[in-house]
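Once you scroll down, you'll see the structures, which are given as structure tokens.
Next, two complexes with subunit A in common: one pairs it with subunit B, the other with subunit C.
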Partner chain A sequence: MNFDREFFNLGYLDRLSYKDTIIHNIDARVKVIGAIAYIIAVLSFPKYAVIPLIPFFSFQIFSIIIGEIPISFIIKRIFVVSPFILFIAIFNPFFDRNTAFYLFNIPISYGILSFFSILIKFVLTVSIIIILISTTSFSGLCYAMRCFKVPEIFVNQLLFMYRYIFVLAEEAMRMVRAKELRSFNKKGLELKFYVKLAGNLLIRSLNRAERIYYAMLSRGYNGNMPYNKRKKLGFPDLLFILIILIMIYFFRFLEPVNSMGRFILRLIR
Partner chain B sequence: MSHHIVKFENVTFIYPDGTSALKGISFTINHGESVGVVGANGSGKTTLLMHLNGYLLPTSGTIKIGDLILNKKTRIEIRKKVGVVFQNPDDQLFMPTVYEDVAFGPINMGLDEHSVDFKVRNALEIVGCYDLKNKPPHHLSGGQKRAVAIASVISMDPDILAMDEPSSNLDPKSRRALINLLKSFKHTKIIASHDLDMILDVCERCIVIKDGVVVADGPSNIILSDQKLLEENNLELPLILQRR
Partner chain C sequence: MHMADALISPAVGVGFWALSLGGIAYSAKKLKDNIEEKMIPIMGILGAFVFAAQMINFTIPATGSSGHLGGGMLLSIILGPYAGFVVMASILTVQALFFADGGLLALGCNIWNLGFYTSFIAYPLIYKPLIKHNKFVFLATLISAVIGLQLGAFSVVLQTYFSGISELPFKTFLLLMQPIHLLIGIVEGVVTYGIVKYVTMSKPEILEHSLGNYSGKVDGTFIKKIVIGFLILTIITGGILSWFASSNPDGLEWSIEKVYGKPELPEKEHTLTNILKSVQEKISIFPDYTFKKDESKDAEAGEEKYPNIDLGTTLSGVFGAFIVLSLTFLTGFILKTIKKKRPS
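Entry: the complex of A and B
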């Protein structure tokens, strides 16, 4: 059953974040800063940049190896969101037809360059976010957001979403199962059923929200979500962020591919 | 010690939609007593429990918890005294990890970091779940969820424990562990349940509710062996008494 599989997929992302590797153990705050710096650096490249973006894949390669994340998992996630970005980028080759250079006598237009630039930027930023999420516990991420002064209400929303999405999905799964066991593969009522399912889930979650609120009140909730202070940043955390920032600076401003290319050309001559 | 008594005097409650759930309930529970509240589905057990820490306020009548009369002003204070464990642990465990959940109450009470840590540790050790402290609640089994839900309440050091169907959905071993745990508590206990064997085991006193009024109140072993009374309330003799 399709729905069941999706449900266990959801849990898979969550389970990935409980592994015990060097990357998982780095403080969430540091990882968030690193990811944001990375994204800003990638997006700040000019719109025709393709080659200088390539070295940025090294971050993904390292974290996939060290963090023991299955690469197929990341590729699948990227495919899910890719249609949006393809639609944005697909028209560039048609509008911007000035030839930039010739590659083995094939003219390459600026449009094609910017098409690939957008595509690579997209893959880089989305995959780094997926890696961040699958190597960091959700409560750690929320704690990091709190430290960066993200409004309390958004953080709480996320916390509750994370906590109850599993409960809700399980409820939906049970309803789909109950329907499937009694529908004998009869088609045609699918849409009607899912409309009702959505309505039913909404009412159930409203009721649940009320019970949760009661549970919070009975434990002294007064409008502020309490949270535990975490331990201070350790030496490995600081070392990690230092290395990440230096690497980002190196790849962004010193253009290692260009200098390497020039170096190789000089060797050949 | 008289300051942990629970006293209901002619309490009525009408829901906003007009359903009258409690129709004049009176009883007194003394310090250290453990009391089972039984009755058919829809007899008002859950509504009664929701009054114990002021989530619902009585439409008429008074509730006295310790020295305080329950009203809008005192209910914050009363919530520190009465810990409520809910029927569905998923509703009760709302924080991302077990530790944070058990710490929720103590932090709200304004304790410093050190004593919060001490209370959480203590509460989790009592229910035997300290090893689970970094797990998210959705990775726990039903029995573990229940135990953590209880820990999340006892970390606040309540004087009175109120529980709604604590033994539902538990396998026999977890249920037995829960019963032994409940027996070890010195708190005043109020347990609403259909599990009459558990009530017989844990509670020395039993209150039967029918359609929002108390129809019987007395020692558990007398009430729970009165077949006629039980059958009038959609209940039956506890299994342990049926064998005779």
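Entry: the complex of A and C
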């Protein structure tokens, strides 16, 4: 069932993020900056670029190995979110049919090039986000957001929301199970049942919010969320971001594929 | 309909990041001024609720497919526009991070598409006025859900088009997106109405003293600021992007070119289309988005590769934007006067 899978994924990612590896221990702020720089660098390639994108996979390979992230999980995730992008990218070969070059006498059109370019960019950007989240705890991310001056209310209720997604999802799961157990062979959830189920969940959630609020009040809540003191970036953090940025620069502007290819050809000669 | 990173250009991504962050900062400021600390837990829990409700799929009647709740309209109704927008933004953030739905750079676009239009256009301009006397509640929910999603879908198309990564022609993409999201919008409206009605019927006090009531007002200056911002953005984009727009033929012209070997349809004399065409030529100030000029000059310009910066094209882009904006302004003005005349 769809529900169980999504719920499982959420918990799984959360557990992944509490491992203890070099990448997990690097400051969240540094990793967020690195990921954003990476994504912008990848997306800033021209639309027909395919080959120069390939070296960017090295970041994924590196962090999958060091960060102990199961690769099958990442691949599954990419497949789940791919339909929309495939639906849009698939039109490129049809609308852009000028031949770019011949590969073993088979004409390769610009449309096919841009199709593959979109797909590679998609895989690169999606997987780097999964890697970021599975090596960084959510509270760490929220802390990073606070440091980047994202409004406090937003961050606070984001933390709240994340904490209660698990609780409410479990509650929803129980309700769906109960309904399924009583509806015998009927598949799917009809609209009128769904509305009642969701309405009920909403009532329970609001009641719960009320209780939580009173519980917080009685523990001294006054509208501010206490945070840890600002941590300073250590030497490993700075080294990490320096390496990442240099690598991104190298892959983006110096296009190592071409020069490497030329170098190897020269060696063969 | 989450926008993906791979489909947008960095410029579009960063631009919409700025817009969405501006929206969040403004809403946060508004919330801080007006609202007690009770809001934060409630907002967080409602966000988690929408998340949980999205995980449950239901079957859509008569189609055999299944759908799930979007939640933007529901949040606006319960929490009011500002808190609704902030919560929607955080839901999208978690979706982008944990489900890789959308992307990090596209997050700004997604917050804008799925949060802004429902919270700041559909809710204050359609839902609120319609439910004033507690009538038309179903209609109000339905229409505002549909309009919010239509605007969102339209802006997905615009973002894709301006990013220039997909080759899908503007019109084709628009024709694909809008009808699909009409259906989704209707389902969303029906479900949202159903949930709100169920809650108000079985536990009316819950929605009474939760928040929508005192945070429900959107003050006019915010809308004004947004409109002015949009005006500036539209003129800038209209100006810059028309350099690119005019030099590659759009989809329809392209397919005609494939069939007939030249970009215009072969014309027979004295037909209705011909007459219409000549009329159209006389009426339109900017045929093909550029000022009329010598054919010989045109042929020379055709040799260049695409970013051919051309004063005529730029000017016509700016003018086009201006005309579109004045039309929208005019419609808005007419609607406003109609509303005023009717005693409320």
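We take it that the second predicted complex is superposed on the first by the 237 of 269 C-alpha atoms of A that agree within 3 Å, B and C clash if a C-alpha of one lies under 4 Å from a C-alpha of the other, contacts with A are read in each partner's own complex, and residues count from 1 in each chain.
Convention: contacts are C-beta pairs under 8 Å (C-beta built on N, C-alpha and C of every residue); 3 or more make two chains touch, one makes a residue touch a chain.
Computed from a predicted structure; not experimentally measured.
Contacts of A:F122 after superposition on the shared chain: subunit C is touched, whereas subunit B is not.
When the two complexes are overlaid on their common chain A, residue A:C142 makes contact with subunit B while staying clear of subunit C. Within the superposed three-chain model, A:I241 lies out of touch with both subunit B and subunit C [touch as defined at top]. Of the two partner chains, subunit B and subunit C are each touched by A:R208.
The partner of subunit A that touches more of its residues, comparing subunit B with subunit C, is C.
Of the two partner chains placed by the overlay, subunit B and subunit C both lie in contact with A:L159. Once chain A of one complex is fitted onto chain A of the other, the partner contacts of A:G220 are limited to subunit B, with no touch recorded for subunit C. Once the two complexes are laid over each other on the shared chain, residue contacts for A:V81 go to subunit C alone; subunit B is not touched.
Comparing the two complexes, residues 159-160, 162-164, 167, 208, 212, 216, 221-222 of subunit A contact subunit B in one case and subunit C in the other. Interface of subunit C with subunit A (complex): residues 1-2, 4-10, 13-14, 21, 24-25, 28-29, 31-32, 36-38, 40-49, 51-53, 55-61, 66, 69, 86-87, 89-91, 93-94, 96-101, 103-105, 160, 164-169, 172-173, 187, 190-191, 194-195, 198-199, 202-203, 206, 210, 251, 254. In the complex of the two chains, the subunit A residues touching subunit C come out as 2-3, 6-7, 9-10, 13, 35-36, 39-40, 43-44, 47, 77-78, 80-81, 84-85, 88-89, 91-92, 94-96, 111, 114, 118-119, 121-122, 125-126, 129-130, 132-133, 141, 150-154, 156-165, 167-169, 171-172, 176, 188-203, 205-209, 212-213, 216, 221-223, 225.
Within the complex, the subunit B residues that touch subunit A are 50, 53, 55, 76, 79-80, 82-84, 86, 88, 90-92, 94-97, 99-100, 103-105, 107-109, 113, 116, 136-138, 152-153, 156.
Within the complex, the subunit A residues that touch subunit B are 14, 137-139, 142, 159-160, 162-164, 166-167, 208, 211-212, 214-222, 226-229.
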